[in-house]
């Protein structure tokens, strides 16, 4: 029982960041019909920027997190303007190939710039855990969960309550009608890709200090982000949050009670199952095969 | 005409070990050739069915494991106290089982491809390779997991007058890979130029129209996927008996990406595209060895991919064919189905 | 990072400069290591160790009146590239002898090529038992197998206080992790120590919370941790987070140096099985040799932590050059025969090969020394 409680806490913390990753990816797909292969690399980018700001420039930890996220937003906007804008109107496969190319460039640039040795990011949180009965958790992880939830909430408010959000949702639903109604779809695309990228960079900035920062840290995470959005239905925002937490719990409980060997495989097995039974995702709003 | 050029190219490649018997060059070409065969098979999916399959390393890896396991033999428990046993088989049995196993999985993927398309299909193919990698890592009794299958026997071939002999020299292995490559090329050409090929292109260009005139989409897609997977399996088998070690990393996404780059550089949907692209990207890493860090090379390959998609979306072969209209009137690219009809 | 890269470049240029002092053509030694890719950090340490050994030996006059030239090829942390690198070294550079290839998988993938081209290879790092038991007479391993490490560790059990009574394992899911689990289980069971749980992790896993929560359920007092330095650091840190409250022992000879600058909270002492403890060169079996290596390394300004792995490359070059000297000529078969006669003092201790594997096709295996280093609040000690 104690073990189950601990797994529940761990799974929640893990799920929060997975949700952050998933929502960025699914937003980009929903609005732009682009499968963002650079998502894992933006995660890595966010983590390395945090490392550079905290360890090399000696900036404040919290300020560094914010700056790393904003740099992620800027990189996302740059990718959109330089790469995706010229390819607007190209078929989905060409865009995917270009994105794979971009991911190769980003990952190898990280490897070249930072070398293969993984880095630790110092944090102002102490190394002693908070203890609540049978459960223990690091203050840093609680902070990460808190920020992740705040970002998810802020993102939801942005979509629901702002003009930009309404334009985004309109494009999400039907980009042609939206453009007829005066929404500048080009601008919305840039904003969407930048925000989605910023969320990935924020996830990296938050998790980099929890674990370690290495050039290949985005590989598995990128694949898992795919798993999350497939679970929730590609282009489904609430689905991505549910998918994120679902994957967090499945990995944590599957790893704890079934087998730690297969821990990272559970997510992928789940996808195959979901796609074999319900190809539209677990919580899809409507059938999407495009 | 272009057929003659093609056979001249094959002849030149075949004479290479006699004219310039540099074992290192042959080793590099053999290794490149194996991936070219993979690229030829991927082209059938990517170029002719229009299905962006990013799990092609799965078929390659399945072939490698099937061939290695058949020639090494295995003895595993299958539950209820029963055991499944296979004595070590000759290498050609491994080769055939590689094609068979990869083909069966190709059939499954082909069935699936019909249910889900576009982005979903792409992601599921990636996950498919990933799941196989996890399986290969953890089903230790069968695959030796991360410890890899080692001691895989080299190629053997029945030779007139000598019976079954091991192919040990560099030139022999090179010729074998070249032979399989030519065979793979001819199989794909046969399919592309047949009724199946025309139906595939029709489906790629306008599925609704193609269906309305009675083309059985599932049927043709499945045939193409099975053939493509089978050839990739054959390439995997060659890889297993050439490198003589198979580890779960054969399922890595980067191997798929390597084949994808070969196909789109040369020109997807053209018969010679994967060969040209494959030669470029098969030989480049060895030519740049020592002069450019692998990271720099990968950055260049990634950038090349982006630039190709933007400025040369049909690849090198169609572009060159367009520049040399007098010399090579017949491009290898299939004409668009609108002119050709749908058969 | 920049300093390391420039250092690497100067290291490459040095053999060329030294060549001017010799009349004869240089004698080539091939080496393949993962210089880029996922395990590049360790590969570069080993390669650096080899480079400084070549420098030191060339300053002392080279071998057989000729300078030594190290031909280094990157295997890109990938078995296919390991084969390509080996073929390039043998077929293009025509090296008579090789050193390689860090991970067991890379070494195993090169081994059929050694038989094919009849070139001997000194294996400096890989721990899988199969490397020396599969009947490949061209393999000479100076690195310890997991079994040797476990047996050597078991001899030092008495040094632990409170005593080790029951152990658990947290191991990376590969040759290295599985091998260590198996051999430490056998060696410690023989000493009457109880065996608890075994948890595994994939090499790329970063969140080990599920594994550590599971380990907490065991009543063992010590966890044996077998993986690379990155996951060692992660596991030790996450052990504190989850209040694991057990003693950690890391195996395999690498050291989580990130914990020197970012130490765990007070009261957490971890134990590390190393084959060279650079903080205490005076306690090495041959202090003068260990000091020469350590000084030469520090002269380049390389990362101090790299010394724990760099010695492998250093000792491998010493071994190969000694064999060339004994052989009297730089030819593969002569070097292979001479490797059996090598009796040498290295950084790790005595180097000599004993026979392992099927009769008539034996591989060579050296019996190395182990040191147990303690780490507490960023400070190291020798147990």
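Labels for the chains are A, B and C, by order of writing; each one numbers its residues from 1.
One rule holds in what follows: a residue touches a chain if its C-beta (ideal position, glycine included) is under 8 Å from a C-beta of that chain, and two chains touch if they have at least 3 such contacts.
Since we're looking at a predicted model, the values are computed, not measured.
Asker: Using C-alpha centres only, name the chain that sits farthest from chain B.
Answerer: Chain centre farthest from chain B's centre: C.
Asker: A-B or B-C: which has the larger count of contacting C-beta pairs?
Answerer: Result: the pair with more contacts is A-B.
Asker: Please compute the C-alpha centroid of chain B, do the same for chain C, then give the distance between them in whole Å.
Answerer: Measuring from centre to centre gives 37 Å for this pair.
Asker: Find the geometric centre of each of chain A and chain B from their Cα atoms only, then give the gap between the two centres in Å, rounded to an integer.
Answerer: The separation of the two C-alpha centroids amounts to 33 Å.
Asker: Provide the list of chain B residues touching at least two other chains, using ranges where the numbers run on.
Answerer: Touching at least two other chains: 138, 293-295.
Asker: Which residues belonging to chain C are in contact with no fewer than two other chains?
Answerer: Where chain C meets two or more other chains at a single residue, that happens at 36-37, 173, 202.
Asker: By residue number and range, which residues of chain A touch two or more other chains?
Answerer: 111, 261, 264 - these are the residues of chain A that touch more than one other chain.
Asker: In the complex, go through chain B and note every residue touching chain C.
Answerer: That would be residues 22-24, 27-28, 31, 137-138, 140, 145-148, 150-151, 154, 168, 243-245, 247, 249, 286, 289, 293-295 of chain B.
Asker: Okay, in this complex, where on chain A does chain C touch?
Answerer: Residue list for chain A touching chain C: 3, 6-7, 10, 14, 111, 114-120, 122, 126-129, 131, 136-138, 141, 207, 211-212, 214, 216-217, 219-220, 251-256, 260-261, 263-264.
Asker: Sort out for me which residues of chain A touch chain B in the complex.
Answerer: Against chain B, the touching part of chain A is residues 29, 33, 35, 83, 86-87, 90, 92-98, 100-105, 107-109, 111-112, 223, 226-227, 230, 234, 261-262, 264-265, 268-269, 271-272, 275-276, 279, 288-290.
Asker: Can you check the complex and tell me which residues of chain C touch chain B?
Answerer: Residue list for chain C touching chain B: 36-37, 73-74, 76, 78-80, 83-84, 87-88, 91-92, 104-105, 108-109, 111-112, 116, 128, 130, 134, 173-175, 178, 202.
Asker: Would you pull the chain C residues touching chain A in the complex into a rising list?
Answerer: 1, 4-5, 36-41, 44, 173, 199-202, 204-207, 209-211, 213-214, 216-217, 229-230, 233-234, 237, 240-243, 258, 261-262, 264-265, 303
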